[in-house]
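Chain nomenclature is as follows: A, B, C and D, assigned in order of appearance, with residue numbering initiated at 1 for each chain independently.
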């Protein structure tokens, strides 16, 4: 098979694998619970998610840049891709912080006051550093691949969430700024994948990283729901700070 | 003293310290020997220098990007500066390779054929990685500071070199492309220094890194001259590949 | 509360949390399935587990040593502990390889032939590197804590496994050599925990790392069972190499 | 040539190259100046050197351990050597601190009060980290090679120094403890070199690292002499703290 044909065929396989994953996720009872709880207008679940976005976004640009530093990455175009995307992702944790404040969570000093990083968020961060520093340098594209294409899967969901929580687009900067640059980025990722993947091994590495990071993201959602359940049941929690948002919401 | 005043005063001190260093270097007998040898139209000394540029340029973007990765670097503007400049420096070792080929050094596979990295070049590379990963993240700006301002000090020299070697500007891409972006970069470095340096310790760290890296660069020149002397004396050398350029030159 | 009292109380809490985790694991239906399958004398499930031991053991000494390298680790006793334990763990992947060969898996060149690292094994490796390089240097002791005390929990299980698979102790070097040094190590870990943990934050960091790594190890077992199920159902698998062990077993 | 023969011949070449280096150093006018100044019983020059020992010794065990972490280091014996030697070197900066205090330099908190790291000391530290993390893992043995054999070259010198400064052996723990373990270590290094060096490239890498680190150590001595000259001339210096030792000495 010619390399171009291999690439097109592998790219489609990857697209389908990701689509199937999303479908599975969106059909799960927990996803419905998530949606129902949002219908109840409780902003805590969204606040909980934003705390985790804050934590992983702090590391996204950093581990993306590490792929360019990796001495086994000798492809100039790929190095440029990594640095450009790291540049665009820099400081996006501040968008999550902005959005938390916009919905009423009063965090002045995030280093001291931000609620903690949940286990699957830690595993995602640790895994991204590891695959950025070691092994086949192309593999981290698996994460970029689905992350830049997630908009179409979650757009309806986020629009419903915005409406049920009575939020403005300006209060959801992390989500809407990322979706705005999605089309360009998704195309960039496609182009660079076609350039740097030359073998079945390359595609297998990309595909594995895509599935692992999407699964971890799904586990972050589940961990957020578990923490939310604790707040609802008034159990002891490291996220009690976010209860202010529930009160705000109930007053509304 | 207000911080702005501190910064302006420290910036001027740094400028003067670098100017003085350059003056010392350009007055040294070895520098004159360098110039005289060039008058003799022997391109080997320039080729020798390009091999070292190739080696350190391979690492410049990588260690520059590492400063953005450093978790102690919490300044978004500085992270962006590091990634932007890493992006602009990416692949510049290929300019050195191009220039080597342009003057007649036939290297097909640089990984296998490029003559070795000299000791001071290794020390410069090792030191830049070290200060990029550890300690005060602002310190690497000391290297950028003088590197982006070196054009004015070496312009005459490079113009003479070009004329004596009968080279075109297009054959000296590493030098002339860097000089072209100098004005913008030098301003960028000045701006970011003013933003990220807040204390005497910051300026001391920047200043020390500037002096150390400029001294190491000077030692690279001296090591290049030593290797050149070996070639002239027909001693055993790892740079014999470059003798083809001497022949070319003598035919001219 | 005095620090010594804090430490004793926190140490007991940690011990109980780990005991509870083990109890939960050993009560799960999957654990029973594991045991039942072993009663059937099918060595493939043990071989599958050894492949994962090989992969993570390759990294254990390395990430343990990294804790000593971490410049935030300024406690000489703790540095010595890390290096001593790294030294003792060095090369233990070769025990797993030996044990695989002992039960009949013919792997000559493990780099080329060893079946792949499963997802939870990758997450465990990545997480251990991350906590060894970043954050509170004491946290990696959470992993050592339960790993050095796991013998009492799994001794019966391993003895049953040995008997049902008709193996000699000499064919289970990874398990039995580790258990032999358990008592000394468990005491070492207790001593160093008492020395380096001074605050509630230290204990919380240790405790979190213990729980996360024990959960990941449990997930490795589950992933091994999933792969085993594929082999039983003759589905396509990256572990087909291990089917030779099933045949051997059925001939027995 | 058989590999054993190659190794013996290369080992001897290395020994001779180092012997020649030492001879050159000990014949230099600066070395004589060093000795003469010591005859004057001025302990400041020794104190100055101990500050630099403190700084590099803080990193010796750390970068030695990094060689074991390097995934390209697949030789179990070499990994063990690295960890054992890292273990033995751990905390030796405290010997330098002890010796400074023993001669009367009152440093309570070394992190805050220790005079700074001089440029060649920084370059030695940076270079050792770099060669420990990157490139041929055997190369760092070049540093161990001469460091473990330096005793015979400097023994007379240190004995004279002890006598002229009226010091006890117990006040020179860094020097005398290292010399005590020298014979064992020198043999260890010889053994491991014979095991891990298999090619001319290996020996060339070891040899280059030996020469570079010995030269840097020589430059540390020269930098110490320059700082000493500043103290003698009562110029502004970051080492003025050490003047107390001169006064003590003159009172003696």
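Going forward, contacts are C-beta pairs under 8 Å (C-beta built on N, C-alpha and C of every residue); 3 or more make two chains touch, one makes a residue touch a chain.
Just so we're clear, the structure is a prediction, and the values are computed from it rather than from any experiment.
For subunit A, the chain with the farthest CA centroid is D.
Over half of the residue numbers found at the subunit A and subunit C interface occur in both copies, marking it as a same-residue contact.
One finds 49 Å separating the Cα centroids of subunit A and subunit D. Centroids built from CA atoms put subunit C at 30 Å from subunit A.
Subunit A and subunit B have Cα centroids lying 39 Å from one another.
Shared contact sites, meaning residues of subunit A that touch two or more other chains, fall at 71. You'll find the chains touch as A-B, A-C, B-D, C-D. Residues 61-63, 65-66, 68-69, 71, 76, 79-80, 83-84, 86-87, 90-91, 94 of subunit B touch subunit A in their complex. If you check the complex, the residues on subunit B that touch subunit D are 119, 122-123, 125-127, 129-131, 212, 215.
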